[in-house]
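There are structures below to look over.
Here subunit A shows up in two complexes: once beside subunit B, once beside subunit C.
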Partner chain A sequence: MAWEIIAEVIVRALVEGAAYSLLAVGLTLIFGAMRVLNIAHGDLAVLGAYICYWLLVIFHIDVFIGLLFVVPLMFLIGWGVQKFIINPAVSIPQFQVQASYIITYGLALFISNQELIAWTADYRSLTVAYSYLSISVLGVTINAPRLAVLSVTVIVSALYMLFLRTRLGRAIRACTQDREAALLMGINFNKLAGFTFGISAATAAVGGMLFALTYTLYPAVGLQLTIKAVTVMIFGGIGSVGGALAAGLLLGITEALVTFVVGATYKDLVAFMLLVIILLIRPTGIVRKEFFLPK
Partner chain B sequence: MHCVQMKRGMWSKLRNFKFSCYIIAILCTIPVPYIASSGITAITVLLLMYVSMSVSYNLLAGYLGDLSFGHATFFGIGAYTVALLTHYQVCYFQPVNILFGGILAMGFAAVIGYPFLRLKGLYFAIGTLGLSQIFRVLFKNSDFTLRSHGINIPVPLPYSIHPYYYAIVALTFGIIVAADRIVNSRLGLAFVSIRDDPDAARMVGINVTAYRILGFCISALGVGIVGGFFAYFNSYVHPEGVFSLDISFEMLLMVFFGGAGTILGPIVGAVIVLLVEEIGRAFIRQGYLLLLSLMLMVVFLVMPGGVVGTLTKQTPFINPLAQLRRKRVGSA
Partner chain C sequence: MSEVEKAKITRRKYLKYGGAVVAVGVAAAAGYGIYEATKPPVKKEIVIGGTLPLTGICAMDGQRILRATELAVNRINEEGGVLGKKLRLIVYDDTMAAEKIGPLYEKLIATDKVDILITPYGAPMAFPALTVCEKYDKIMIAGFVASTSPAQRFGGKNGFFAHCMPRPTYSSFYYSIFTDMLNDFDKWNYKKEFTLDKTVASINENQLWGIEQHEIWKPMAEKQGWNMVLDEFVDITAVEFSSTLAKIKLTKPFLILAEFFFFRCVILLKQMIEQGVSAPFVVLGEAGTSYDWIDPEKGVGPVGNGIFTINLFPKDYRGGDSEYLRAKYKELYGTIPSAHEVTGYSSIEIIRDAVEKAGSLESDALRKVLLTEEFDTCFTRVKFDKEGCNTLWEPTAGQWQNNVIETVWPPKRATAKPIYPYSP
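On to the complex of A and B.
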């Protein structure tokens, strides 16, 4: 009996961690390649989820099929945001990180307020036909959307890892490790940055949709998601995609276990305590290699 | 001798100019509650609160170059100190409570300063953000702070906004004058040299860590005092309100929007940001920050050094010389 409860807790934890992982991966990719902290990341995720919501409610398109439309759209939005807003603002290398805080916070405000106007502040959830279906395996009951979330996360992470092995992915990793050397090797940074931002926004939208499938969606949740993603990013080591994936799952499991043992009130505390402790004792996160020394 | 005298003459002229600016500003602020409606006066109080907070925050972010995303921690400590002292009937004398709140915030900054200021850049910013969130959750779940009920602070009757208004006017002027004195002293020079080049600062004998902790403490003191005032003005504190991210980010926004590393910058930034916020609130009801966010992005793209910074060409963060120096050092 106890075994099954623990197993269920862990499955739920993995689902929650999966959304964090997907959010953090995009954030860490951008910060790695471009030295831009995208505070609007969570809001972009929520925007993607809201578009899925519209597709579901107005056109009755299933959320996972809707992703086929939302992912390219968010890619374009991310690309445009990078080209027309972020890139002009962070063109001064010395001022880059500070400038990115302000411009992306402005963007976050813009997106969340536009969401308030378009979708109001009501709590919404993506309720699909199979929302209340559940599957039992060895006495462990799993909700069907949660299973879908897990499988989508696995697919997206695998695609990500494959993508990082391609020519473009190699270019992004090269910029993460040493931007000036990468530029000297003939990498067109502006093109690369647009593409990175697009991919990051697209994965954020997937993460946001998965989050909305299991939790509630409202415009103000964007900043909370950003903070969770930043926590995971630092936990996993800034710039490391694999680290972010692992750290998201670890954070999900820790939170779920604390919720199970202590209670849900201290759930948020766990993430932030973890964040502060990691920063104080091991700022490079769980990865072996130091991608960034604190500057 | 002649040269020295000329310099002294210029200095006294400048001081006279500054002094007359203060006098004019004080004269302008004194009649406000008698002329304007109570609503406008309340907004002015809020405005002055934000001015003094961002001026304090600017000492850390603008002059020392350490951006914090969690200054709401100190705001909340100040507010909760006042609320708890009143709630547990320890002391009812407002100025003492407010000052105590500020000192407690400063003490806390001193305690966490050493471990936190070993972090730099993004790590420091995120660390302080985590800290403010830890406080929010703890205060929301602790019986001592009445959990998420928040704490009510009884308002002395008959209610009048005048004492609050004049208190915040005095507080704001105090903080601006203090910040100006600090910036134009040895301490301010040390801050600026640490911001521009920490290694060079260490070479000339500045204890970088000690000065960074000191800057952190001073800015925490200012923000904490304003937090204490806020508790009285709002007559209610709630963990979600006083430890909220919005307060931290708003300070950051005002400082960088007006011009980080200038005295006038955060003042102008706070005025513009709050004004646009209120205009947005009047015309767009839901999503009223839309206007602010649009203006923020457009203005920041045109003037990356902030409004005051770009107009007076004081843009320490994007100083081409510092950039050049950093590059040369980096490539060696």
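On to the complex of A and C.
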């Protein structure tokens, strides 16, 4: 009985970690390729989740089917944000990172407050027909939404790995490694930037929907998601998609085991201690070997 | 001297005396003007001020308190106001950030010239506000402030009055009402297959009033023979409780007692159901603070029935403007008001009655009335003690049954029997 309970703890930790991984992947992609820290990342995730929510409530469209509409929409929104808001703000390279903090923070405030005005501060749950359906495998019980979170994360991760091997994906990886050299090789950075931001926003929307499916949704939660995603991004190595995926899962398991063994009060303490230790021992993150900061 | 010269001299005299009269008149007029300008203006309205979290993490709660507060102000104004003056409400958004509270209350008092204040949401926010009020000797009526720490420092004669802080059960009412109920289990138990097992798993949010209540309740409960099989605090930002619930599953308590903000109660119950964690008695203290609890989109839906909760607006209560509040709120917002709305509305009722009885807005006069008189509000009857806590409020334990909160304890107030064991 006890080992089954511990196994359940680990499985649920993987689910929590998976949701954070998904959020961190998009963030690390754009920071690696574009040197832009998108503080509005969590709020874009929340926006995607809200669209899924209203599709469910008004049109009774299942959240996963709703993603077929939300993902392209959020891609377009992300592309538009990069083209019309980020791009003009980060035109001077030596101030790019600082400018990106300020402009994306403003964007985060704008999105969350528009959500507040439009949809009030009421807490929302993505409650679907199978929200309380549970499956038992080898004595470990997991409910359908959590299983869906794990499955979607695996699928999206696989898609990411495939994508990074495409021409466009290789271009993004090149920009992550050395943007100047990539530009010299003829990569059109402006087109790339819009596309990268679009992918990031689309991935964020998926992560946001999965988060709302498992927990709850309200306008102010976006910044908390961003903080979590940034932590996972740093932990995994800036610019490393694989690192973000691994780091999210590792962080989720660590937090769960600490809570189970020591107590919930120490959860955040241990998580951040782990982050500090990793940064001291391996500042480039648990996966990535080196990261070149812009001069 | 010729007649012409005499006349000239006379005109000069007239001009001299006339000029003197005009000068005196001008001086008098100027003096009167200065007096009028520096005289304190006669206020045509009574200004009530405060801050609430209208955006940010507790925006839902803050907005609901504001709705009910505005409702109270509008009703009083429709009825002619207080002492012939209309009420005006000024509420700033503090975004639940303590560092904003002090400057906002300074602004309310020094710039907006408010006459009476209402508290921000929650005790940690109340402290900076009360410091400012004390500096300006202003009276503050609490809205939703559950911790008694502010009253100990600022209560009663120091200007702070909190009708939602009860005596004599003091600060542990969120917890002790349920252990009190179960201490008498053998008297009211109608299912003989159940016997009392005094094991309790307690999970609390790591914030001021949760810690405070727990510190008072725990020794009381242990003295009554309760065994804490789990006693944990979780961070106020936590949304994942799997590990803690796994420990509860291992310990199999008779009572689960969790004190979280409303939306975390929603998350907690869903995760409990998912993990198959339960107990015969499950208390989620703030599950009764909003009727969104049984809403499938905003809360937990029908599985929320059977959960015990603190009952801050019993359905049979008819005091003050409670019936008006129920009807009007439902008309305007489509739902029954609950804890936050009621405490917001009742703070305005207290202000209205205190000002009328005092006949004045002076702090000393108001203080005297607040410390000596009784008040009848939509929330509860009120009689403040010297620490500004309410000696007449009797908390009741509620349980969600058939999508409404029934009062199940104490027996003299009960509108229904407790239903147990909890089964989602």
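The definition used in the following text is that the second predicted complex is superposed on the first by the 285 of 295 C-alpha atoms of A that agree within 3 Å, B and C clash if a C-alpha of one lies under 4 Å from a C-alpha of the other, contacts with A are read in each partner's own complex, and residues count from 1 in each chain.
Here, a contact is a pair of C-beta atoms (placed from the backbone, for glycine too) under 8 Å apart; a residue touches a chain by one contact, two chains touch by 3 or more.
Treat the numbers as computed from the prediction; the structure is a model and nothing was measured.
A.B. asks: Put the two structures on top of each other at subunit A: do subunit B and subunit C fit, or clash?
C.D. replies: clash
A.B. asks: Classify the contacts of A:T120 with the two partner chains as first (subunit B alone), second (subunit C alone), both, or neither.
C.D. replies: Both: A:T120 reaches subunit B and subunit C.
A.B. asks: Is A:T265 in contact with subunit B, with subunit C, with both, or with neither (first, second, both, neither)?
C.D. replies: Touch partners of A:T265: subunit B and subunit C.
A.B. asks: Name the contact category of A:A220: first (subunit B only), second (subunit C only), both, or neither.
C.D. replies: Once the two structures are laid over each other on A, A:A220 reaches subunit C alone.
A.B. asks: Does the superposition put A:V71 against subunit B (first), subunit C (second), both, or neither?
C.D. replies: A:V71 contacts neither subunit B nor subunit C.
A.B. asks: I'd like to know which partner A:N143 touches here: subunit B for first, subunit C for second, both or neither.
C.D. replies: In the superposition, A:N143 contacts subunit C only.
A.B. asks: On the A-aligned overlay, A:V230 touches which partner chain: subunit B = first, subunit C = second, or both, or neither?
C.D. replies: first
A.B. asks: By the touch definition at the top of the document, which applies to A:V97: first (subunit B), second (subunit C), both, or neither?
C.D. replies: After superposing on A, A:V97 lies in contact with subunit B but is clear of subunit C.
A.B. asks: After lining up the shared chain so the two structures overlap, which partner does A:A193 touch, if you call subunit B first and subunit C second: first, second, both or neither?
C.D. replies: neither
A.B. asks: Where on subunit A do the contacts with subunit B and the contacts with subunit C coincide?
C.D. replies: 113, 116, 120-121, 265, 268
A.B. asks: If you look only at subunit B, which of its residues touch subunit A in the complex?
C.D. replies: Answer in residue numbers: 67, 115-116, 118-123, 125-127, 129-131, 133-134, 137-138, 140-141, 245, 249, 252-253, 256-257, 260, 284, 286-290, 292-294, 296-297, 300-301, 304, 317-319, 322-323, 326.
A.B. asks: Using the touch definition from the top, list the residues of subunit C that touch subunit A in their complex.
C.D. replies: Within the complex, subunit C contacts subunit A at residues 55-57, 59-60, 62-63, 203, 206, 232-235, 237-244, 246-247, 249-250, 262-263, 266-267, 270, 273-276, 292, 296-301, 303, 424.
A.B. asks: Taking the touch rule as given, give the residues of subunit A at its contact with subunit C in the complex, in rising order.
C.D. replies: For subunit A paired with subunit C, touching residues are 1-2, 5-6, 8-9, 12-13, 16, 57, 113, 116, 120-125, 127, 131-132, 134, 141, 143, 146, 215-216, 218-220, 224, 255-257, 259-260, 263-265, 267-268.
A.B. asks: Sort out for me which residues of subunit A touch subunit B in the complex.
C.D. replies: 31, 37, 85, 88-89, 92-95, 97-99, 101-103, 105-110, 112-117, 120-121, 223, 227, 230-231, 234, 238, 265-266, 268-269, 272-273, 275-276, 279-280, 283, 294-295
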